[in-house]
Amino acid sequence: MLQIRGLDIPLPGGGERRFAVRGLSLDVAPGELVCIVGESGSGKSLTARAVMGLLPDMGLRASAGTITFKGENLLALPQRRMEGLRGREISMIFQEPMTALNPLMRVGDQISELFRIHRSGFDKAERQRRVLSLLADLNLPDPARIAEAYPFEMSGGQRQRVMIAIAFALGPSLLIADEPTTALDVTTQMQILRVLKRLQAERGTAVIFITHDFGVVAEIADRVAVMWRGELVEQGPARAVLGAPAHAYTKALIDSVPRLSADARAERAAPTQPPVLSVAGLSKIFRVRKGMFGAERKVEALKQVSFTLHAGETLAVVGESGSGKTTLSRCIVRLMRPDAGRIDLFGEDMGQLAGGALRARRKAIQMVFQDPHGSLNPRIRVGPIIMAGPLAHGVKPAAARATAERMLGLVGLDAGAMDRYPHQFSGGQRQRIGLARALALEPLVLIADEPVSALDVTVQAQILDLLRDVREKLGLAMIFITHDLRVAGQVADRIAVMRQGEIVEEGTPAAIMGSARHEYTRQLVAAIPGRRLI
Amino acid sequence: QDTPKSGGTLRILVHPEPPHLVTALGQASGTVTIGGKVFESLLTFDFELNPKPGLAERWEVSADGLTYTFHLRPNAKWHDGKPFTSADVAFTTQEFLMKTHPRARGVFSRVAAVETPDARTIVYKLKEKFSPFLYAFELSGAPMMPKHLYEGTDFDKNPANEKPIGTGPFRFVAWKKGESLQLERNPDYYRQGRPYLDGISFHFIPDAAARTVAMEQGAVDQAQFDAVQFTDLERLRRNPALTVADKGQEFIAPLVLMDMNSRRPPFDDKRFRKALMHAIDRNFIKDRIFYGQGKVPTGPIASSTRNYDPKVATYPYDQEKAKALLDEMGLKPKADGTRADIKILALPYGDHWTRLAEYLRESFRRVGVRATVENTDPGNWIQRYTNWDYDIVYTFFYQYADPALGVGRTYLCSNVRKVFLANANGYCNQRVDDLFTAATAETDETKKQAYYSEIQRLITEDLPVGFLLELQFPVVMNKRLRDAITTAHGPNDAYADAWLAR
Amino acid sequence: MRLRYLLRRLAGGLLVVLLVIVFCFVILRLAPGDPAMIMAGESGASDEQFIADIRRSYGLDQPLPVQLAKYLGNVLQFDLGFSYRQKRPNAELIAERLPATLLLAASAFVLSLALGIVLGYLAARFRGLADAAVSIFSLAFYATPIFWIGLMGILVFSVQLEWLPAFGMRSILPVTGGWAKAADVARHLILPTLTLGLFYTAIYARLMRASLLEVRPLDFVATARAKGASIGRVWRRHMFRNAVLPVLTMAGVQAGQIVGGSILVETVFAWPGIGRLAFEAVFQRDYNLLLGIFLVTSTAVVAINIATDFIYTLVDPRTGPAR
Amino acid sequence: MTAAQRFRTNIAACIGLLILAAMVLLAVLAPVLYPTSPWEMAGEPYLRPLQGGYLLGTDMLGRDIAAGIAHGARVSLLLALVATAAGTLAGVLVGAVAGYFGGRIDELLMRATEFFQTIPSFLLAVVLVALFSPSISSIVAAIAVVSWPGVARLVRGQFLSLRQAEFVQASIVLGEPTHRVIFRQILPNALGPIIVTASLMVATAILLESSLSFLGLGDPDLMSWGYMIGASRNLIRDAWWMCTFPGVAIFLTVLAINLVGDGLGDALNPRLTS
């Protein structure tokens, strides 16, 4: 039904490569679900947009090739005709559910707009009926209310369902979904994937599903196409590609996916020494006002959180977005003050410290941040960034420099990095620099807040390896925050599952994955995509 | 075409719009221009400043100069129909004006007793001889107020202020604030067949350029004082339908003086003050800044005022002489060419006064005196002037016909007071004081002239102030307005004789 | 909910107004210069007794806090005091001038907002020549001093072409008839409105353009395109509304500045409004009048800000009350 | 591309820079080109442009308008720069403190800012200058007083968001002292928008100064463009050149600064790099 042949999309001059997409050929049969995988920047989105005729208008256009849809070359179609196809024959879902809907329009209107645009001839009542039935089809509760709601009143998952409703409203033959679940929690992701799969099966729609997550691929794909630097390096039936990847790059990609093996590590012996860090009854309440005229709302970000951490141990904290993981880490490093509870570091209450004493104590507990772009000051060279910690704690510049170089070595960068600026490094390298900065103070506890979730799987695997390495070498105790149970299972000695500010369950990876006691934990585990295959 | 005709409404531009019309309560220029048509005094004065009948048809002065008797018009009435009597006069001068009018208070406090033998006669007995006494009975100096409306009230807040009742040829009709004010013909006016005009309307247009346009288009017939900008005079003069009056300010005779604070060095040195005078080209001021409206003065008394004497020391424009004087003082130019630093406190009453400050600064700079201009708002200006906080300040002084009234205040030792328009620069020459005292009491004209001639010579020699300009405020009229400017009060006069040609 | 918030905003606004009064009161009284002296000066001559009388009758002889307390007390009764310069109640003076300023400011506001939004829209939508033209237009008017635009307007349209009156709000010769009167005022209104309005038009055009360009790459725009909506529909129905909101907010904030800018325009065009009144009051050191003007204008600004906030919540569902 | 390179590709900004450079040059060379005081009544009054050897004519007292414009450039640019510096400094200080410490201090400072924004700014400037007598210092102070709130808000916003930036959090966790966090971590990253705002503020300051001078509230000893227009505005019907040329000078300068400021804004905003 869809045939892409030799598609070239050149990049405007000055980019890292000449073509965003190069010589891409791909077929999609009716009713088929094709996943395009590949790491960030490999050209997945541009391919999808080229099919829609919606390349971002900053001078990007297909320079060669054809995209044939039901016998017509989409690249040569007049604007009018293309508009007629969009939404009716080919529809698309975008990655960011929070911004993909018009914030000022009621959800129902956004769906029924489609009927107006394509002159379906439905009268008002008919349009309304169809909107409601579509919403009901997507398992949305109380469709009538949802239709009247504005996007801001809905959760991410709900919005993505509305997007799906829009995509399916006119029963298109082809649906393109560009990472539609990446921004969602695993449980929500699983629901969305199921709905999508069901509708696709029911209506016989062909789907191009773009993702970077092999778990998702394993879960839903009929066929897989792997992209690498703008080129399609491999394609084939899902099972074949996942089971026996032909291309080296595909192999590396699949190998990088954290295994769900619970057996990886021997159980650690029960600790004998007192814990390095113990947290008891930690609570934090945010008071927020929604909008200008909204009422004040209390968010209980942390409710009576307690745990202990022993030397050399890694505790993974898992939980969905908004469950309070970041709040927990910030309270521990005293970036914010908890409302109640105590945090003892070596038996000393951190809550009592302030000013100079607090600063001195910070040496012992350091942090690695999530965003490799945002966690390094773009205006300071790498050397000074790493040296800042030691210098702040009274180390002489020369010694601090030596430490910095040593730390760079430890994280696998050469000393030449010292004089460069952060933007001259890749995401993975930056994350290493962030780690080096934290380690330069020789802390006893390291808190890592989603340190790999912004990275591609291959890089992610390297960083996880590095972390394990360093932890072993330095005997660090670590709190590893993640929303990804696969990752947690790989790095942690123990996993704590958070939900709405509470730790609902704590246990070894094996226990959590295998025999969770808490219902929520079981849901989480069940929602991990591609469990059967990878 | 030259015989007066009755009828028509005269339209006059007034700017700024006055706060009220009661000339006895305040003498802002608009108040006098409009109020002068409603309220009258006992006398008016011709261009030579000779007294003419007003509300008084005759008057006598006793030989000893101490008793003044006025015979009032028999048929003068207030606009509300009540007769005008000597009781009104006595009330006005001894009660009303004593409370509200500092200048009148200065005159009438010299009165020992007032007698009103009958309703049409009033007799003033003075404590001592005071030759300028008659000049007090002029429309802005002693406007007559109705006793029956004001007696025993708070004059400032009397409701009659809103709808003024006078004796003049025109009666108040209505005032649309911010827009216009109407006066109508007083049918009961005591002069037969007067006034000619059916009424006068006054228009308030805040913008200067718009006023000029109004004059050019013939939308109004007259504009005077601040209603006309000096900068527009050239084009108005070129307009064949308009004329610019060259008479009618003899009574006030505004004289622009540059007050140099003699308390401060280097102004305490006469030579410095003289040097500054030589540095100024007063013809430039007259021609370029005031567009020819006036004359270069010779001394402290304006040429139209009584007892003027031109035979005095003069200070022609001469930079070399100025420099020589400064050299003589020991004020040699420093490396940057300056000899002294002084400040000019600019008069904040409009562009031309600002230009004058700029001109003075440049003139002084040319002879090596570096001046800086200080701009203030009127409040600050008055405050600093009255508190003697300035180097150089300039403003204009009304002469009020007799030197004793408008001139002496600037030079008398006895008037060195922290009061507005007193002797601020601190000049004190006992001889000058004595001469003024003698002249004020003198009724013999030749002797009086001798005193004043000596005063003028002394003051021009001592030069406490610089005499910049005998200013003639612009008064622009449409040529169809006739016989308007007939007295020394010019546009402030009652206009009983004015008429409109068709 | 909305009501309670509104009340809170109103209370906050009142506080700001109160602060404005106190602030102005204090700086005005601290500044050098004595109003009694000016009045004395005006009468041509003066003496100590006269000045003392004036001071007493206007309460200027009392300590500052007492004067302030009295003033506030009066304001609560809508009494803005008495102008000793103009010998009339301030409230009356202000009320007399306010309509002219409101007329001018409102027409300039409407003109600039409407024109600015349209121009910004055209520039962003059609780029190329339209964009260049609008950019040049807005840069030019943004960079030209308001008073100079006014003067050049007078020079060209009044002096040279004689199309429009240069000064004032009404013709010198009174016009009769309701419509004729309105038309007369309208003719006088054109140049001042353009002068005051074009500056803000420039601002709003720039804002609108930037706002649209900011909205353009957003996902929901792509969604709308993906639905098959034509480019025109996407711009009109989706982008416009989202882009115009920040412009409206900005306009609300600037409404007060327009009143400030009208001092200049009123000076140039002899427009009998509150801006000129303020300017005259400054020069005549008419404290109470000036205070009254500050009070009225800042109240207006606060009111406009609250109103825009409120309208904003009606237009933008996100800021509406929690349901 | 570096910011400088990006700036260089912006034609409008380059034109702006050129005009600005010319104005600065004029300002610097004014005493050489017109060695006598611009107040000097050099020639006949009311000379038209080119008449009597005066490039732009003379004014009502015979002062050379070209000389006035050259010397006015000094005044306008200098005053605007000083006022901007003062306003920016105050704004940065207030904004930084409010944004970094938040809470009650923020509340208080923002109330103050709001309060200053409630009074129509031009009215406030007029009153301040008039009350405290027109002079360089009162004009600079008045311009600074009305322009700091904008900067304060901007800086506060920057600080508020940068404070949450991970690199700032990192530096706090490292134990760096507060002043280092503020001045080394946050401020340099907030500098771009501050520079852009400040550059545009120079333009606004020139407009403000000229507006004040136009109303007769300029420093009486300084020849400024606004003064020239204000002094000759009543003569517009007889002598158009007197207020036209100074207006053109203001226009060009403000335009140039705006172009440069916009260019800087684009150049310093990495988001716009294609």
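As written, the chain order gives the labels A, B, C and D, with residue 1 at the start of each chain.
By definition in this document, contacts are C-beta pairs under 8 Å (C-beta built on N, C-alpha and C of every residue); 3 or more make two chains touch, one makes a residue touch a chain.
Since the model is a prediction, treat every value here as computed from it, not as a measurement.
Looking at B-D and B-C, the interface holding more C-beta pairs in contact is that of B-C.
Separation between the centroids of chain A and chain D, computed from CA atoms only, is 46 Å. Centroid to centroid, with C-alpha atoms defining each point, chain B and chain C lie 41 Å apart.
Each chain gets a centre from the mean of its Cα atoms; for chain A and chain C, those two points are 49 Å apart.
Within chain C, residues 32-33, 282-283 each touch two or more of the remaining chains. Of all residues in chain B, those that touch two or more other chains are 209, 376-377, 380. Taken residue by residue, chain A touches two or more other chains at no position, since every residue touches fewer. Every pair of chains meeting the touch criterion is listed here: A-C, A-D, B-C, B-D, C-D. Residues 12, 14, 58-59, 330, 333, 335, 359-360, 362-363, 365-367, 369-371, 374-380, 388-389, 392-393, 434, 437-438, 441 of chain A are the ones that touch chain D when the two sit in their complex. Across the complex, chain B meets chain D through its residues 208-209, 229, 231-232, 234-235, 284, 288-289, 346, 351, 354-355, 357-359, 361-362, 365, 372-377, 380. Those residues of chain D whose C-beta lies close enough to touch chain C in the complex are 111, 114-115, 117-124, 126-128, 130-133, 203, 207, 210-211, 214-215, 226, 229-230, 233, 236-237, 240, 243-244, 247, 250-251, 254-255, 258-259. Chain C meets chain A in the complex at residues 1-2, 5, 217-220, 222-231, 233, 237-238, 241-242, 245, 309, 312-313, 315-323. Chain B contributes residues 19-20, 26-28, 101-103, 105-106, 156, 177-178, 203, 205-207, 209-210, 213-214, 217, 219-220, 348, 376-380, 382-383, 386, 398, 409, 417, 419-421 to its touches with chain C in the complex.
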